[in-house]
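Each of the next two complexes has subunit A plus one more chain, namely subunit B in the first and subunit C in the second.
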Partner chain A sequence: MFDFYDRWSGYIDLILQGALVTIELTLLGCALALVMAFVAGLGRLSQHWYLRWLATTYIEFFRGTSIFVQLFWAYFVLPLLGLPITPLQAAILALGLNVGAYGAEVVRGAVRSIGREQYEACIACNLSRFQTMRYVILPQAFVIMLPTFGNNAIELLKGTAVVSLISLADMTFQAQVVRAQTGSTAVPFITILILYFLMASAIAWVVRRLENRLTEGLEGTRK
Partner chain B sequence: MPDAIIEIDKVSKRFGQLEVLKDLTFNVAPGEKLALIGPSGSGKTTILRILMTLEQINGGHIKVDGEQLWHMPANGGLAPANEAHLHRMRAKIGMVFQLFNLFPHMTVLRNVMLPPILTQGVRKEDAEARAMELLDMVGMAEKATAKPAQLSGGQKQRVAIARALALQPKVMLFDEVTSALDPELVEEVLNVMRRLAEETDMTMLLVTHEMSFAHDFADRVLFFDGGRIVEEGPPDQIFTNPREERTQGFLKKVIAAGQRI
Partner chain C sequence: MEWSWQFVEEILPDLFRGFLVTIEATILGSIVAAILGLVFAILRRSDNRLISRPVGFIVEFIRGTPLLVQLYFLFYVLPDVGIVLAPLVAGVIGLGLHYATYTSEVYRAGINNVPRGQWEAAKAANLSSFQTWRYVILPQALPPMIPALANYFIAMFKETPLLAAITVLELMNEAKSIANYTYRYIEPMTMVGVFFLAVSIPSVVVLRWMERRFGRIGQE
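Let's turn to the complex of A and B:
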């Protein structure tokens, strides 16, 4: 047992450092994805055709091309266009924009699922369009978005592994370093398997908690 | 009659091929309690929805409180109303819906206090005090912290009435407010409305299938059929001595269905 510890503790540390990078990427990527999901999702519902067009173009482009290509574009092509970018920034940009495109469709679907009677109540209460969205429609729609947002966040977490391709030292990258140095595949990859699973479970737990809190006292969800 | 608060002038409305209102013309006096009755599809709910700006009109003009509702002055003539104009006009009008349309994610209290805060700039404390007063009036003060899902239909509708009252509209529209309620819950809502009719000088338009309530409540009854007003008059005349054959036929059916008039 102590032999195992002596042999592996340094490598495990390396993987844990990678885990921090993975967590950072996931959190910041999710933050960007959430913003993009709302911007593009509401853009698709806009009354102005150019906003709808812009949002649709963004969504179709990022859903229709691979995250791998997007990451390389962000990292290698943007600097050529005069936009210097660090690997971390490129990774967050690619992950956030990619997952945000999926999230936008979730936002759109959830907003559209709110019944016409809620909009009519808002007109009768003389709320402006903005107030209708802000106080009545989005709070109800958000509850509907949550489970799928949880899925998207887990997808993003797992997607972070591609960043090792632009030599960002995330968890998968470090596992490969350990594998190269020790010749063992099992130990580093079982370690990151467990760590990914724990992180995904944490996301699922947070989303479930949030869901329970927000649906308290709502129709059809009484417990 | 004093100057009308609502003037409906040759209003027409189509849903596709279907003409639901045909050159509809009538006035409502300030403070008047008006009941709109008639068979389903006769256009009575449609005119309420047009007044609340939930449906556009295809022809004619409507004035509320002396101002055009669906039009606004432009270059000496009239242009279709824009959103800002509608927003200003909606402040004069309130509506209670058949299916309550409460905001399910807010407490009862917040349902009632939020609209005045957002649309009239009322301070939070004042809005809350006023909302509690109104909830007390409709007998719902005890449920102020409940969510709508925890209430019965009759309770929801009383909250909806309080929410509409909180904005202090000049004209209040009631669209079949008891139709979705279990029979034993109808009376508690009607009682609130009776009190309102007695204690306020608000103008009220009521679309209803409760004939005996319309009889007690209204100063005047309009009988709609086929998108037109077939007959109008004081409730005693309409309900006990209708002149038109179609009114007689409608009331017969209502009585046959078991209603008192």
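Let's turn to the complex of A and C:
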């Protein structure tokens, strides 16, 4: 047991450093994705055709190509086009924009699932369009979005593994380093598989907690 | 750096060869995912907890971890225990296994959508468990699942570039080797994006048609 610890402690440290990068990428990527999801999702529901068109183009483009292609494009092509970008920025940009496009569809679906009578009541109360969204529609729609947002966040976490291919030192990258240095494959890969699974479980747990809190006292929800 | 159409024309045959590998991996992976997903779904419904619990955990575990790491695992770790897989075989198994955990959810939703009365009627007609599945449940459950399954197969298509990491010479890898050889990144990388859009946009149209034709279930 102690032999095992002596041999692996340095490598485990390396993997844990990678885990921090993975967590950082996941948090920042989720933040960007959340913003993009609301901007594009509400953009698709806008009254102005050009906003709808812009949002639709964004969503279809990012859903139509893979995260992998987008990441490589951001990493290799943007600097050549004269936009200096670090690997970390490229990774957050690609992850956030990609998952944001999926999230936008969730926002749109949830907002549209709110009944007509809610809108009519807002008109009757003489609320502005902004007030309607802000105080009536979104608080109800957000509860519907939450479970799917949780799934999207887990997808984003899994997407971060891809950044190891543009030489960002995340958990998968460090596992490859350990593999190269020790020649052992099973230990580093099983370790990171378990760590990824724990992170995904943590996201699922947080979302479930949040859902329970937000649905408290709401009509027609479980519990 | 300037965009050069002539260069695009030169690299197109190589990219197309990689594209065919991408399609091959997607089709084979879809077949694995479709079959394995059904197996997972049926095992998870088993009354025997010794079967349903472990299968449930395995499915959750595979779904909670990145495909890339699973591919590395298949490609680098399995040889240690004597299982050496060709890159494409490892890739197809990885894609199929990963997406089977998603398709099993589609199957589960589809199976749950079959009314209870059908199960009871099958029991009343003294059908065996196999006959119930084969002649009563699956024929009703499968058609509405088709669009949701197709949705995941499109998602799988978009994940095939990951196979480049385990040395499969598919579209992305061809583009990368061209880029490394010529030091021109804009054209190959952009063309990869174009190839992907050229497949995924028409397939979304087909998907919408399927949703109208078969109805939709189990999608988020």
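Following the convention adopted for this analysis, the second predicted complex is superposed on the first by the 222 of 223 C-alpha atoms of A that agree within 3 Å, B and C clash if a C-alpha of one lies under 4 Å from a C-alpha of the other, contacts with A are read in each partner's own complex, and residues count from 1 in each chain.
Note that in this section a contact is a pair of C-beta atoms (placed from the backbone, for glycine too) under 8 Å apart; a residue touches a chain by one contact, two chains touch by 3 or more.
Just so you know, these numbers come straight off a predicted model, no measurement behind them.
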Which of subunit B and subunit C A:F197 touches, first, second, both or neither: second
Larger contact residue set on subunit A - subunit B or subunit C: C
Subunit B versus subunit C as contact partner of A:W73, first or second or both or neither: second
Contacts of A:Q118 with subunit B and subunit C, given as first, second, both or neither: first
Subunit B versus subunit C as contact partner of A:A186, first or second or both or neither: second
First, second, both or neither for A:N126, with subunit B first and subunit C second: first
First (subunit B), second (subunit C), both or neither touched by A:G64: second
First (subunit B), second (subunit C), both or neither touched by A:R52: neither
Which superposed partner A:Y135 touches (first subunit B, second subunit C, both, neither): first
Interface residues of subunit A shared between complexes with subunit B and subunit C: none
Subunit A-facing residues of subunit B, complex: 52-54, 83, 87, 90-91, 93-95, 97, 99, 101-105, 114-115, 118-119, 146-150, 163-164, 167
Subunit A-touching residues of subunit C, taken from the complex the two chains share: 1, 61, 63-70, 72-73, 76-77, 79-80, 158-162, 165, 172, 176, 179, 185-186, 189-190, 192-193, 196-197, 200-201, 204, 220
Sites on subunit A touched by subunit B in the complex: 117-118, 120-121, 123-129, 131, 135-136, 139-140, 143, 214, 216-220, 222
Residues of subunit A touching subunit C in the complex: 60-61, 63-70, 72-73, 76-77, 80-81, 106, 148, 151, 154, 157-162, 164-165, 172, 175-176, 179, 185-186, 189-190, 192-193, 196-197, 200-201
